[in-house]
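There are two complexes below, and they share chain A, which is joined by chain B in the first and by chain C in the second.
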Partner chain A sequence: MVLLSVSNLKKHFPVKKGIFSSTTQLVKAVDGVSFQLRQGETLGLVGESGCGKTTVGRAILHLIEPTSGEILFKGENVSRLNTRERRELRSSMQIIFQDPFTSLNPRMTVGNIIAEPLKNQKKLSRSERKDRVASLMQKVGLRPEHLGRYPHEFSGGQRQRIGIARSLALNPLVIVCDEPVSALDVSIQAQVINLLVELQEEMRISFLFIAHDLGVVEHISDRVAVMYLGRIVEMAPYEEIYENPLHPYTRALLSAAPIPDPDLKRERILLPGDVPSPINPPSGCGFRTRCPQVKPECRDLEMQLANVESDHWVACPFC
Partner chain B sequence: MSKETRSQKSYTWQRFLEGWSLFYENLVGRIGLILLLVFGLMAVCSYIPPLIDPMYHPMTGVDPDVFRSTPPSAAHWLGTDNIGRDLLSQLLTGARIAFLVGISAAFMSIVFGTLIGMIAGYAGRLTDSLLMRFADMIMVMPSLLVVLLLSSLFGQLNIWIIVLLIALFRWPGISRVIRAQTLSLKERPFIDTARVAGASNLRIIFRHILPNVLPMALLYMTFRVTSAIIVEAALAFLGFGDPNTVSWGMMLQWVWKTGHMFQAPYWLLPPGICISLITLAFYMIGRAMEEVLDPRLRKEEQKV
Partner chain C sequence: MQPILEISNLITSFHSSEETVRAVDGLDLCVHRGETLGLVGESGCGKSVTALSVLQLLRCPPAEIQGSIVFNGRNLLELSREAMRKLRGDALSMVFQEPMTSLNPVLTIDDQLTEGIRLHQKVSRSKARKQALEFLDLVRIPDPKSRIREYPHALSGGMRQRVMIAMALSCHPQLLFADEPTTALDVTIQAQILELLGRLKQQLETSIVMITHDLGVIAEMASRVVVMYAGRVVEEAPVRELFKDPRHPYTRGLLGSIPAVGRRKSQKDRKLQEISGIVPDLKDLPPGCRFHPRCSEKMPVCEEKEPPKIKLGPLREVTCWREAEG
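This part shows the complex of A and B:
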């Protein structure tokens, strides 16, 4: 069942200049992204920094207003909801942020942080709420006795667990995980990832898992979408992406991921140049300035995801 | 449950003790605090003289044997004014008024300044521009002059009206500082998480931003106390104080008006020194608190 459907999502940030703050240019952070998220699955969204993956996550939760495009949650258009309906919707969509040090209010106790969504959305008595917070803490592997402590008394991994507990408080259907482990040590990363996998199996949550680390995404994702310059260039089940990458960017990205085996050598694809500025992206295919297989026609192409195999989508007609 | 609340309390207590020890290590803060304690004691003691004898009442008590200003004596430790009122008792009452005016005016301006600063910073756009331009307007207004104008229009002003006027003229500086803090706070991810958790704007302002700007607001309050006391003293000295209260400024005005400026140093000096010292005390405490709150101001060996 399709839970969340995003079609042609765009977010352009104006660049303001001059005394009268006239908008002179637009940063096309997200420029036409479409995907679907099914119930209980994890969609990994990967790409290098600045490709717009975080913006997609924030737009889905309406933390920023998308410029255009539709976000349908259970068939309902999120942009058309009024403030109250949107708040209700938020009980079924949650987010886990990248930095566990800034995403928790330093002046609130852990108990209050986890209870906040409950206070806003549900009418529970004090003791009911307390029980719920204790069980949530237990679920994510924190000791319920610590609910009176402040965030700075916890380690990074524990803080991220606090963030996870808070996002679970309202039994959401979708959680956007915005690089939830990239600020953590590798050993802690595995623990948090495993916790997320367990919770998903237990509670049938769908994850939109944003990351720049392909190794992490491989471990958790059912499907992977690769983003480049505000667009999705390839989307497929994770075995497909890793074994049969079609888009030249996906191949380059995969070849850049380190393999923890010194004897294993593989060909590295080095892309020339830098990512073009999203203020003035190249015409046609956005990747053509760095593509090893560029053709003259690429200048006039529409970057459109096309289905090549079952559930394998690529935005390049030459692949 | 009780065990948990206890550890929670002890934790807050522990943080308070940490801040306190940093504050106490600071010589400036210690001097300020001792000065303030002395003034506090004076304010408390101000209730004693009228109990001993009604002639020690600072406002209405007149020594029947005294017909002109007398220097310090056994009956009047600091002497009397020209109609025979006890100066020590006036000085003690003055401390009470200084605290009352200083703290209530500072508290009110903190409330206005914090609220307006948070709203301007959080709302942004037009609200922000309007509120801040309004703050600029008030900031450049010569407050003493406006209060003088008002009091000459409406006659003698009640002490609470003076307090309110001081507060109304002293919030813009605070609101600028609080707005700047709010601007940085509202971009932090924990505000986004609160929004995703379904918090309303009001809840975000009061539950998430306010606790984070409160230390700064309290710090500015100590500085505002200083300026409030000075403004009140200046008003009283110029003859626009509340005639029914005995403040240090009023004492100075009486010295001046009765022509004892250079004849009675025992009358002129104590209120003058008290005004300087109490403002100094609040200023010193503010400086020491600033160092506790802002680790960048601490000396090398104190850094935690």
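This part shows the complex of A and C:
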């Protein structure tokens, strides 16, 4: 069942200049992104910094207002909801933030941090709330007796567990995980990834898993979408993306990922230069300035995802 | 192989009014001529402090460096500040982690790049500029003539890291410390920088100590690896042997916990191997082996006595009671 359906999502940030703050340019952070998220699945969203993956996650939750596009949650258009309805919707869609050091209020106890969504959304008695917080803490591997402690008393991995407990408080259907493990050391990263996988299996939550680490995304995702310069360039089940990548950017990205095996000798595709600025993206295909297989026609192409095989979508007509 | 750097029993401690913390505690390390040594470990294990101790870039006090650091036959800890300054940036150099913050924002690339060259080589400004341009070209910065006049903010992260590398290599160092040189960069840019470092190493015959937490980068770049945990070396091995036959439980745990690209299909279930618990607080270290509270193979002796260093081969060492028993 499709839970979340995003079509042609755009978010343009104005660049204001001069004394009258007139908008002179637009940063096209997200420029036409479409995908669907099914119940209980994990869709990995990968790409390099500045490609717009975080903006997609936040626009879906309406933490930032999208410029245009349609977001349907269980068939209902999220953009048309009024404030009260949107507030209700938030209980089914939650987020886990990247930085466990800044995403928890340092002046609130862990118990209060986890209880806050419950206070806002559910009419529970004090003792019911306390029980719920204790069971949530247990679920994510924290000791319930620590609920009176403050965030600074916990390590990075534990803080990320607090963030996860908070996002689970309202039994959401969708959780946007925005780089949830990139700030953690590998041994701790493995603990948090295992926790997320376990929780998903138990609670049938759908994850939109935003990350730049290709290994982490492969491990956790059912399907993967690769973003470049505000658009999805390729989207397919994870086996397809990792074993049969079609888009030249996906191929280059995969060949660039360092693999912990000294015997593995790979053909590395080195992309020249840097990602172009989203203020002034190249015409036609956004990747053409770095593409090893660029053709003269790419200048006038529209980057459009096309279905090549069942469930494998690519935004390049030459592959 | 003759070592270019030999560190023995290095203890780097930081003093504060209440307590003393040993960030590096009895480290022995040796770098051979022409090799790339990988120094791995999680945050707080003392790998950066080791590099900073060698280059003496730590403010003393609060820091205190003890032991011996022999570079080219001279103990760096006995050198005067002046002699050390002559060495730093010349024969001994470093690339820092953050290309965004380790360049001076109010000086042009030209100023920053020629400063080191003029300080160490006593050449004219125009000659130094010529050398600087050659190095910018070497690290493949397009259009170096116009780039050299720009300020760091005008360059992208990858470009800034290239400038840092050009700066570190500008006096042909014999030994280069690269402290997480690609951690702040995207994978495609990381690939460019790693390729560049590998090529320059061949060209300039520099020995490199590559500090990183990324075992993928190590597998690609290093010829030999030293694994650190809580201020100490736990395992030392040639790169192939370390990845094929890790002997310390911590190394095994680290290798097992990485979800590497292409690994999922060979795994039976979705569970990644974890190392339970967290890195110990340096102010409150466990007795015996420092890894024992997290170790899945611990024995009673691990909790009481510090593990011995066991030589497994000419270039292999492991500090673990398990190996001592067997």
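Here is the rule we go by: the second predicted complex is superposed on the first by the 319 of 319 C-alpha atoms of A that agree within 3 Å, B and C clash if a C-alpha of one lies under 4 Å from a C-alpha of the other, contacts with A are read in each partner's own complex, and residues count from 1 in each chain.
What we mean here is this: a residue touches a chain if its C-beta (ideal position, glycine included) is under 8 Å from a C-beta of that chain, and two chains touch if they have at least 3 such contacts.
Computed from a predicted model, the values in this text were never measured in an experiment.
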Looking at A:186 after the superposition, I want to know if it touches chain B, chain C, both of them or none. Which is it: first, second, both, neither?
second
Just checking: does A:239 make contact with chain B only, chain C only, both, or neither of them? Give me first, second, both or neither.
second
Let me test your reading of the model: by the given contact rule, A:61 touches which partner, first (chain B), second (chain C), both or neither?
first
When the two structures are overlaid on chain A, which partner does A:173 contact: first (chain B), second (chain C), both, or neither?
neither
Could you say whether A:197 touches chain B, chain C, both of them, or neither, answering first, second, both or neither?
second
Residues of chain A touched: more by chain B or chain C?
C
Given the touch rule stated above, what does A:109 touch, chain B (first), chain C (second), both, or neither?
first
Just chain B (first), just chain C (second), both, or neither: which does A:268 touch?
second
Can you list the residues on chain A that touch chain B in the complex?
58, 61, 63, 87, 90-91, 93-95, 97-99, 102-109, 116-117, 120-121, 130, 145, 147-150, 163, 166-167, 169
For the complex, which residues does chain C have touching chain A?
42-43, 142, 156, 158-159, 186-192, 194-195, 213-220, 239-240, 243-244, 253-265, 270-276, 278-279
In the complex, chain A residues that touch chain C:
48-49, 155, 157-158, 185-191, 193-194, 197, 212-216, 218-220, 238-239, 242-243, 252-264, 268, 270-271, 273-275
In the complex of these two chains, what residues of chain B are touching chain A?
1, 4-5, 7-8, 11, 188-190, 192-200, 203, 207-208, 211-212
